[in-house]
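Going by the order they are written in, the chains are A, B, C and D; count residues from 1 in each one.
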């Protein structure tokens, strides 16, 4: 990103001004003009940087964690992916948290609920489940699973293989707004109240229950099976749908509203055909990507991120991004786009357009 | 507020674990279980504290500032009210900025626009104007004025008296989400394109322009004259409207939607009758109050804030609040409530209710 | 309007077909192709015609009615304005009912409620009231008053002069959809529960009650005083606002939503400057006009309707309309536009535009 | 239904009144009090009656029609199902039209569009298609297909068997509101622009296209395959979902909004287990049912309608309804419920509830 001139030139300092500023400080006040240029910037100033976590490096560390701590002791055995630009923050972007969670055969992660909304994108293994509000869904690679705000959830693995997934949460948002609440369920594992598939069959087949009223702001269906998502992408690819910036890109949708599955996190799935060389775009929603399959590279400004299956990488706000795929690849991604839109502050720009950059929402 | 136990007990540390954590750090990863209790808290953890800025102390500092710097040099001659719990942050709450701005006779504050939304609540003086999108509105004490996101605005004072107002902005929100943009208008003072009162007569008289479609997410009317707001409060007082927690309290409304005038900031006006002793409540939206008139005190937990006309005070998130008025008083207030609601994370609790605390939005 | 060819040419009849049609009829069936051209028409086929009711002719009939029947006996002493194209139907358009109601000093019209939504536009006299849900509003010429669906309402005249107003209801809609319900209040006059002006001060001053949730689909404020509406029009006229088709035209608005005050009826107020010669437009919502003041003429296709104060006239669907004013005039109007929009079937066309007709919602 | 007393007692007639009424009629006016009781009724007055069309009787008539007229000549070869209470009206309810359409091998029904919205529920045969906006969908029994307002559509049958379906349209609504428009496509068969399944894969798999904005008010997916709908019902039956009034009942949903697939017509699918004996309910939306499979009977007040596969029957407004199934049955149904809700006039009552009747929307 080119250097942008400051919005406001800081006035010179004098002895009189300096003394005055000191007296202001005693009253918990300070002159705006001394800090205006850092508060109101001409373009977004993101303290995070582009970064990648390679699965082949992280996977052994995940297994090592499994030997060092149990899920019960850890509550959730997760390796937080922390943005190098924000060390010690537990943030992968300024507003989002991401981590790699593993649950081994026979383990359970105890039931709790919190204001923070969470998503899971399954990377490896089969046979574990996520339980939400009394229904368990079996986790399979590529499945997109929600555990929405303030809903009881737990995980367990009655199967035979280690199951690893990417966690995405809005913890920084909940804490920035000072709205965190959390509780443990009285039981380690919440009781099963529904048959597997009940939510999907009630809400995910093109119909809704009679006179259904959505309760809350999250999708009533909490699993988006990869089988269906992949089928959609492949059909559209075969039909020649193609976006020069994004390949074939879809957004996960709440069937009861058509909006985002959760009020703070948007999630997307895109297919990049083999040989895809995308055009450049930028948007204000810093975005976390997970290469669900395939191999390619993403340019963030001048930074090259070469990725392969299950690598996770992050793109800061307003940095130009373009994707290339060496082989057919599927990228899962999530960001705070829906939150930014709800607050009227989201902006996007398509670069390398035939004519001028196309700006949305200005 | 009672001390709340941590959500999760941090596991013990061993040599093996310690080494493991070090290797994680090299990969920009860290164990969630080491920080879970500070990330996911059982109740909101607000780093700000209750505080008050007394007008009789701030007013001389405002005048002193006027002798030391011009609005042109300062861009905006504002004393930021900085929360004592967040020194150096330019934040009055975790999500909001507040300041005291003054414009002296003959001065102009140059025209600019930014993504951050702003409100003005006029405290003293008459004869200045705020211009928004080509229309100037004369500022009078008690007027609530908007300069919404990305709309050109400037101020000027062709009158004879110093005019002081409270600024409220969502700068921390714009920066947290990495969405800041700002521009200067090519002219110091934007051209006048409309007659004063045009917006109010188009949008504020119970009618809207034929086939009106709202552009953006902010109210098309940008001044809420105190004359009307006060009339509403006084009528309802005379009619016996009375809320044991809030006195007579109304929220400013976008006539084109019925929602908040701006997508990130809610604003309220309330009348406390002389002798009012309110019950206690708490909500997750930390709130900035300005005593528009009268004299009283507000209890925030165990902290007493005694206020009189034009004092500004702030209440952190989830702290129990109750108001008392020695004489009939009018309190203006603003918070990020509308933003929290849009994100599905706002919560409120009425304490001292006849039965149980009443919790909203849980 | 030019004659439009039928959408479908009716097939010829044969002996075999004729016998077949007879056998269908025995089974409550009939061939679509025999009636298709009358069912699915290329342009709207409105059975009503343009018509005018002159106040100087109707006023004596109103007074005569007052001598022949009491409001108690009549329930409502109203002269229905019945479209000449639909004799016996009690419809002024295919979807709306209109009538002239009078209440003399000392009279009361008993309290009832019904699913049909009603509006009142006051034409003459002062001192009567309309009571809605426990609040009475004094009726003054030019006031626009709602008695929304299923809300108790009654009228009374404690004053000294006869008060006349125009009633507009959606009775044909309620009956077409088979949704009519109606009840009498246990008391002739519902108890007074609120001070006059309470609704206006709660909902009509730019603010709303704290955490207000709209109950139902109608405006919580039920009077739009002429003083304010007229002030808006006159201000905008002075500012040079001017629409070549409509003069200065505003739509009444629900302050809690920005939408229509009632879910089935839209209402408008427009000022035609002296000498105004409007361009032609047409829309699918047949519209009832009341000349609140002034004198002019309206062309509906080739039909000229010359109107003066308190005349009521009606324009059918999709007929080209243009207004002319000899002196400054104010026209009140209402239609089912909001209902058509809610059903996705409203269409409008601006004729005499500089280039092509501009069609909305096609 | 019990007889309901009139809302208002008609006043007596006198010579003076009679003469007066005559003079009113000359001015296209009439006294409300003479007709009030028929205009404003205490309960809905539906002029239609419960009725059934048996497929075994209608099917031969459909085939006979195929020998007597071609689709090109007929435009659409449909037998209208006309309510016995409204002979000559082409209405099955006061607001809806229904018909049985057949297309034989090799036939095409020419491309046109109209404001009226249409649904198709496939009864018999396979191999025909419906084309909407350039995409063809193969019609299979139980499929629910939309041809929304003002969208080009045509049908063709390249297969080998006669295909029969139920048509449902809102023609009476379009004509009541005077909003009918219709056009023929320049070509008999609109060009194919999309691959079969494109809409379903874009909108029906739990995701939506990136930054999708709904155009219009109808679902962007225009086929709801029976395979999926049936799967949903059977899963929920196996899970023990069961409503004492409706069995297992779902409503078709627009994936982009969660609302009705079209703005004027709601559609439902319900499974009645073998031996089901439903409780009684009534609602203001008169409803058309089609027995997609199974055998049973429906009571409408005291009228028994015994149905089997592909029979069509209609229930008037506000009549108590209860269903019984001799064998496991699937009922498709549609009504104007979504339109009534949009207008704020829909009402429903669950009878035989444990306590009082439960009324919605009063």
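The rule we apply is simple: a contact is a pair of C-beta atoms (placed from the backbone, for glycine too) under 8 Å apart; a residue touches a chain by one contact, two chains touch by 3 or more.
No experiment lies behind these values; they were computed from the predicted model shown.
*Asks:* What chains touch chain A and also chain D?
*Replies:* Expected: no chain.
*Asks:* Select the chain at the greatest separation from chain A, using centres from the mean of Cα atoms.
*Replies:* Between chain A and the rest, the longest centre separation is with C.
*Asks:* For chain A versus chain B, what separation do you get between their C-alpha means, in angstrom?
*Replies:* 29
*Asks:* Between chain A and chain C, what is the separation of their C-alpha centroids in Å?
*Replies:* 51
*Asks:* For chain B and chain C, let me know how many angstrom lie between their CA-based centres, rounded off.
*Replies:* The answer is 42 Å.
*Asks:* Do you know which chain D residues sit against two or more other chains?
*Replies:* In chain D, no residue touches at least two other chains, as defined above.
*Asks:* Where do chains touch, given as pairs?
*Replies:* Applying the touch rule to all chain pairs gives A-B, A-D, B-C, C-D.
*Asks:* Going by the contact rule set out above, which residues of chain D touch chain A in the complex?
*Replies:* 194-195, 197-198, 201-202, 204-212, 214, 221, 224, 228-229, 231-232, 235-236, 238-239, 241, 243, 246, 249-258, 268-269, 360
*Asks:* For a test of understanding, state which residues of chain A touch chain B in their complex under the given definition.
*Replies:* Where chain A meets chain B, its residues are 7-8, 11, 14, 16-17, 20, 23-24, 27-33, 35-36, 39-46, 51, 53, 57-58, 61, 64-65, 68-69, 73-84, 87, 90, 93-95, 97, 99-100, 112, 114-117, 149-150, 171-184, 216-218, 262-264, 284, 286, 316-318, 336, 339-340, 342-347, 362.
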